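Each of the two complexes below includes chain A, the first together with chain B, the second together with chain C.
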Partner chain A sequence: MIDPAQAGLRESATFDRATIAAIQRAAETGVYDIRGWGAKRAVPHFDDLLLLGASMSRYPLEGYRERCDTDVVLGDRHAGNPLHLDIPITIAGMSFGALSAQAKEALGRGATEVGTSTTTGDGGMTPEERGQSKHLVYQYLPSRYGMNPDDLRAADAIEVVLGQGAKPGGGGMLLGQKISERVAGMRTLPAGIDQRSACRHPDWTGPDDLTIKILELREITDWQKPIYVKVGATRTYYDVKLAVAAGADVVVVDGMQGGTAATQEVFIEHVGIPTLAAIPQAVQALDELGLHRKVQLIVSGGIRTGADVAKAMALGADAVAIGTAALIALGDNHPRYADEYAAIGSAPGFYDDFQDGRDPAGITTQDPELAARLDPVEGGRRVANYLRVLTLEAQTLARACGKAHLRNLEPEDLVALTIEAAAMARVPLAGTSWIPGQGF
Partner chain B sequence: MCGIVGLHLKNPALEPELGRLFVPMLEAMTSRGPDSAGLATYDAEGMHVIKDVGLPRDICAAHDIAARSGHQAVGHTRMATESAVTSDHAHPFTPLADLALVHNGSFSNHASIRRTLARQGIACTTDNDSEVAARFIARELTEGADLEDAMRSVLKEFDGFFTLLVTSGTQFAVLRDSFACKPAVIAETADYVAMASEYHALAELPGIGDARIVEPEPERVYAWSR
Partner chain C sequence: MVALNGSSVQELMKVDLASTSVRELNAELHAPTARRYEVHNPRGAEAIAVGLRHAIEVEIHGPAGYYCAGMNMLADVVVHGSVGTGVAENMMSGSVRVRGDASQSAGATGHGGLLVVEGSASMRCGISMKGIDIVVGGDVGPMSAFMAQAGRLVVCGDAGDGLGDSIYEARLYVRGRVGSPGADCVEKEMRDEHVAELGQLLADAGLPHDPGEFRRFGSARRLYHFAAHNSAAY
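Right after this comes the complex of A and B.
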C-alpha cells in the first residue's frame, strides 16, 4: 500500500475519507447510519479555557492540608427531601436496554461508593440498579416505558426528560437485537423488534402544561422528591427560564457532545450546541430569575477530567453529569478487546456501534454471554476510582484558585484560548480583557 | 497587601486624644500600604471619612487627623491588588452612614457575591473586593442582623483570605478567615481596645505594656460595644 503523502496524493477537506465512506455506505444500503456516542466533530470545549491560579493578588490553598469541600445539595427549592451529594459529579441517565443490567448495577455501585447519584433511563428501573444506588434519579421520559408510580416513589429524585444533547428534538431508539425478553417485558413491547421512543411527551407540550405535570409528579411523591427537567442544549436561555417557570427544582442541560446509545449520525453531528456555549445561557437565565444556585444547574456533554468539572462549575454549574466517560471507565473501548473490535469492523478508541448489542466489553449489550464479561463489583470499583480522580483533580484546580469549596469557582477565574471559546463561554481571551460579542 | 488599624476608646477621658493616639498607628502601617490610605473617626456628630492617594503621613497631616477627637477610629493603608489606586478604591468602605469596613487579604469569590447583591439592587461603586464585603454586611444589618451575626454570615458566604475590622460607632468587630494567614493583633486595657495588622502599630499607645494582647483566632468574631 502506498503512503498517500509520499505519493503526493491530496485528500479533500470537504470529501474526506469518512465522508466518502458514508456516501458509499448510504448508496449500498439505502438506510441512514445509526450509531452511539455523541458528536465526534471538534467543537469549542473546556480544553479551550484555562484557569487563573492564585499567586500574589490571590492566595492558593494547600493541597492535602487545607480543605476544599465538594458537596452539593440538589433540589431544595420545593422538595422535602433534596439530594445531598458528597461530590458534584453524577452519573447521567442511561437506560437498561441500552446498557446491560450488570453495567447499570456497576454504575450504581460506583456512584454510591463515592456518595453521588446515578440515573435510570428509557425503559424503567431495575431492581439491581435501585438496590445498589444510594441516590437514584428516575427519568420520566416521553416513551413512559417501564414507568409506574411505585418506581417514582422508590426514586430519590425525578428527572423529566425533554431531550438530550445528542439528539435534541428526537426520541430514543433501541434496535431489535437489544430487545431481549427482559427488556421487552419492562417496556411492554415485543422482543426483537426495533423500537422508537417518542420525541415529545404524550400528555403535555410546552411549559404551561409541564407545570401541571410537575404538580402531578409532586402529588404522587408527596412533595418529597426533587424534580429535575433535562433539556438538550439548543435554545438554552429560553428552555432554562421555562423549566424554572414550570416548577423545576433542578435543570439539567446536556450539550451536543453528550452521548446516546443509538441515534442517527446526522442528528448527533448536526443538532444542538456545544456544552461550552450552553452553560452561560443557562446561568444567565437563572441569574435573571434570581435563582442561580437556588435552582441547581447540572451540566453534561463531554465531561472527561477534573479540569472539565472545575471549568463547568466556574461557568456556573452546580454539578456535572458523566455518561460516555463512565462507560469508558467501565471498560468501553479498552485495547484488550482489539481483536474483537476488529472482528466487528471497529477498533479501540473508535467503537460507537452501541446500537448493535455486540459490545465486546459487555456494556452496551443484552447478550447474556457478553454482558457476563462485566463484573458489577469490579465495574463499580473502576467507576468509583474514576469519580475519585475527577474530584481530586477538580479540588487541585480549585485550591490553586484559592477556593475552599468547588462551588466558589467563578467565571472570573477563567480565560479562553480561542476567540470562539471566549465568545461562547463569555470569558476574556487570555491576556486580554476582551470578551467577543459583549456589548452588541 | 494592606495594613489595618483601629482604636475603640472605653475611657471618655481619652476622647480628646483620639487623633493623636491614632495617627502613629496608621503611619506605622505605611510599609504595608503605600498606595493610598483612608480612615474613619466617630464622635458625637457621627462618622467622618477621609480617603486619599499617597502616604499616610501626608494624608494625616493634610487633614489634621491628630487634632481629631472622638471615641472610635479605623484606618487602612492600601497596596492595591486587582483594582485601581484611587481614593474611591481606598478603604474604609462605608456603605451606611455609620458603618466602616477595612480589610486585609483577598477574597476569592467576591465576583459571584457582587452579582448576587446587584440582583437585589445593591450596587457596588468600585471593583474592589472589600467593597463587596462591606455592602454584604450592610445588607445584613439593614435586614436586622446585629454586627456579630453579620460577621458570621461573612464566614459562611465569603471564600479566600481576610482579616476584617468593622466599626459602627457603637460596635467594633474583628474577624479572621479559617486560615488566619493575614496578621492581626488586638490589645485591650481598661481604657481602650486597639487592633492592628502588626504589633508595632500599637507600641506607642498608653499602657500598652500592661495590655492584654491576643492574636485573634480563626473564624471567631471579636466584638466590643459601647
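Right after this comes the complex of A and C.
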C-alpha cells in the first residue's frame, strides 16, 4: 500500500476518509450509526482559554504552604439536607445497564474516597452503588426505569433529567446485547430487546408542570433532598431561567462534548452547543435572577484536567461533573487492550462502541466475563487518584491566581486564545480588552 | 397540624386543608398516627397524599390537583371528586380510586397496585406503565398506554387514537371503540386466561361489565429490535 502523502495524493476536506466510510457503511446497512462517547469534532473548548497568573498587580498564594480550599455545598436553596462535598468535581449520571455493576461500584468507591458524589442513571439504583457511595444523586428520568420511591428517599439528592449534552431532545437507547436478565428485571422489560428510553417525561409537559413535579418530589422526600435539574446545552440561558423558576436547587448544564452510552452519531455531532458557550449563558441567567452561587451550577461535557475544572469555575460554575474521563480513569481505551480492540475493529484511543457490550476493559458491558475484569476496589482507587489529581491541578492554578478557594476564581482571571472562544466564554482575547459581541 | 379528632394514635383523623397545609398533611401521612384519614377541602391542591408508604386509608373529599397519591405504596386512597395530571403516578402497591374523572397521565409509570378511575381519563392514561393495573369506567384519551411495559389497562368505554403505541408487554382491554391502535399495537385473541384476569380486575374495581364485551390489545413485538425495514413505523 502506498503512502498517500508521499505519493502526492490529495484527500478531500469535505469527503474525508471518515465521511467516505460513513457513507459506505450507511449504504451497506441501511441504518444510522449508533455509538457511545460524545462529540468528536473539534469545538472551542477550555484549551482555548488561559489563566492569568499573579505578578505585580495580583498576589499569588504559596503553592506548598497556603490553603486553597475546595469544598462546595450543593442544594441549600430549599433542601433541608444539602450536599457538602469536599471537592467540586462530581461523577456524572451513568446507568447500570450502560455500565457494569462493577464499574458503578468503582465510581462510587472512588467518589466516596475523596468526598464527592456519584450519580445513578437510567435503570435505577443498584445496591452496589448505594452501598459504596457516601453521596449518591438519584436521576429522575423520562423512562422512569427502575424508579422506586424508596430509592428516591435513600438518595442524597435528586436530579431531574431533561436532557444531556450528547443528545439534547433525544431519548435513550440500550441495545439488546446489554439487556441482561438483571438489567431487564430492573427496567421491567423483556431481556435481549433493543430498549428505548423516552425523550419526554410522561407526566408533565412544560416548565409550569415541572414546578409542580418538583413540588411533588419535595413533598415525597419531606423537603430534605436537594433537587437538581439537568439540561443538555442548547438554549441554555432560557433553560436555566426556567429551571430555576421551577424550583431547582441546582442546575446541571451538560455541553455537547458530554458522553453517552448509545446515541446516533448524527445526533452526537450535530445537536447542542459546546460547554464553553453554555457556561456564560447559564451564569447570566442566574445573575439576572440574583441567584448565582445560591442556585448552584454544575457544568459537564469535556472536563479532563484540573485546568478545565479551574476554567469552568472561573467562568462561574460551582462544580463540575465528569463522565467520559472517569471511564478512562477506570481503564477505558487503555493500550493494554490493543489486540482486543483490534479484534472488534477498533483501537485504543478510538473505541466508542459502548452500545454493543463487548468492551475489553469490562466497563460498558453486561457480559459477566468481561465485567469481571474490572476490580471495583482497584477501579475505585484509580478514580480517586484521578479526582485527586484534578483537584491538585485546579488548586495549583487557583493559587497562582491568588485564590484561597476554588470558587473565588472569576472571569477576570481568564483570557481567550481565539476570537471564537472569546466570544463564547465572554472573556477578552489574550493581550486585548476585546470581548467579541460586547463592543470595543 | 390541625387534627379535628385528636393527635395521638387513633382510628380516624380528619384534616381540613382549608386550615392545614399540604406539607403538614403529607408529613402526617408519612409518619401516620392514625389508621384512617379524611381530607376535606382539597380544592384542587397539588401533591396531596404523595409518597405514602404505610397501610393506611385516606379519603379525599373533593377535587385534587396534580400527582394526587403519587408514588403510593401500601396505602388505599379514595378521591371523592376529580383529579389532575398524574394521579397515582409511579404507584408501587396499594390502591387509588377516583370517583370522578382523571386528567392526563393517570397511573403513569406505575409499577404495581390498582388504580380505578370511575369516570373517564384523559390523554396518556397508563403511559409507560410498568406493572400497575388500571381500570377506567369511562373513556381514555389519545396515546394511552404509550410504551406500556407491563400491567393491565382496562377501558370500559372508548379509547382514543394511538392506543398502546410502542407497547411492550402490557395487556390492554377495551370494551368500546378504539380510535386507532398505535405503532406495534394489535388486537389479540381473548383466550380463557384473559377473560379470567379481566373478570377479576372488573370485580376488584367494582364494575359490573361482562368480560366477553371486551377486546384485547397488545404488542405485535415487531419493533423490539432496530431494523431498517421498520423505519416507516415511527
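As a convention for this text, the second predicted complex is superposed on the first by the 438 of 440 C-alpha atoms of A that agree within 3 Å, B and C clash if a C-alpha of one lies under 4 Å from a C-alpha of the other, contacts with A are read in each partner's own complex, and residues count from 1 in each chain.
Here, a contact is a pair of C-beta atoms (placed from the backbone, for glycine too) under 8 Å apart; a residue touches a chain by one contact, two chains touch by 3 or more.
As the structure is a prediction and not an experimental result, all values here were calculated from the model.
Peer 1: Put chain B and chain C onto chain A via the superposition and say whether they clash or fit.
Peer 2: fit
Peer 1: Scan A:A54 for contacts with chain B and chain C and give back first, second, both or neither.
Peer 2: first
Peer 1: If we overlay the two complexes on their shared chain A, which of chain B and chain C does A:P411 touch? Say first, second, both or neither.
Peer 2: Only chain B; A:P411 stays clear of chain C.
Peer 1: Touch test for A:V137: chain B only (first), chain C only (second), both, or neither?
Peer 2: neither
Peer 1: Have a look at where A:G402 lands relative to chain B and chain C in the superposition and call it first, second, both or neither.
Peer 2: In the superposed model, A:G402 contacts chain B only, not chain C.
Peer 1: For A:I87, select first, second, both or neither according to whether it touches chain B, chain C, the two together, or no partner.
Peer 2: So A:I87 meets neither chain B nor chain C here.
Peer 1: If we overlay the two complexes on their shared chain A, which of chain B and chain C does A:A319 touch? Say first, second, both or neither.
Peer 2: In the superposition, A:A319 contacts neither chain B nor chain C.
Peer 1: Quick check on the superposed pair: does A:I212 touch chain B, chain C, both, or neither? Answer first, second, both or neither.
Peer 2: A:I212 sits against chain C, while chain B stays out of touch.
Peer 1: Tell me the contact category for A:L152 with respect to chain B and chain C: first, second, both or neither.
Peer 2: Touch status of A:L152: second partner only.
Peer 1: Check the superposed model and tell me the shortest C-alpha distance between chain B and chain C, rounded to whole Å.
Peer 2: Between chain B and chain C, the shortest C-alpha distance works out to 32 Å.
Peer 1: Which positions of chain A sit in both the chain B and the chain C interface?
Peer 2: Shared contact residues on chain A: none.
Peer 1: Contact residues on chain A for chain B in the complex?
Peer 2: Going by the criterion above, the answer is residues 54, 56-59, 61, 66, 287, 290, 292, 401-405, 408, 410-412.
Peer 1: Which residues of chain C touch chain A in the complex?
Peer 2: Touching chain A: residues 22-23, 26-27, 30, 46-47, 50-51, 53, 65-67, 70-71, 73, 85-86, 89-90, 92, 104-105, 108-109, 111, 124, 127-128, 130-131, 146-147, 149-150, 166, 168-169, 224-228 of chain C.
Peer 1: Would you tell me which residues of chain A are touching chain C in their complex?
Peer 2: Residues of chain A touching chain C: 29-31, 34, 143-144, 147-150, 152-153, 173, 175-176, 187-190, 193-194, 196, 198, 202-205, 209, 212-213, 215-216, 219-223.
Peer 1: Residue numbers of chain B touching chain A in their complex, please.
Peer 2: Interface residues on chain B, with respect to chain A: 1, 81-82, 105-106, 108-109, 111-112, 115, 119-120, 159-161, 178-179, 181.
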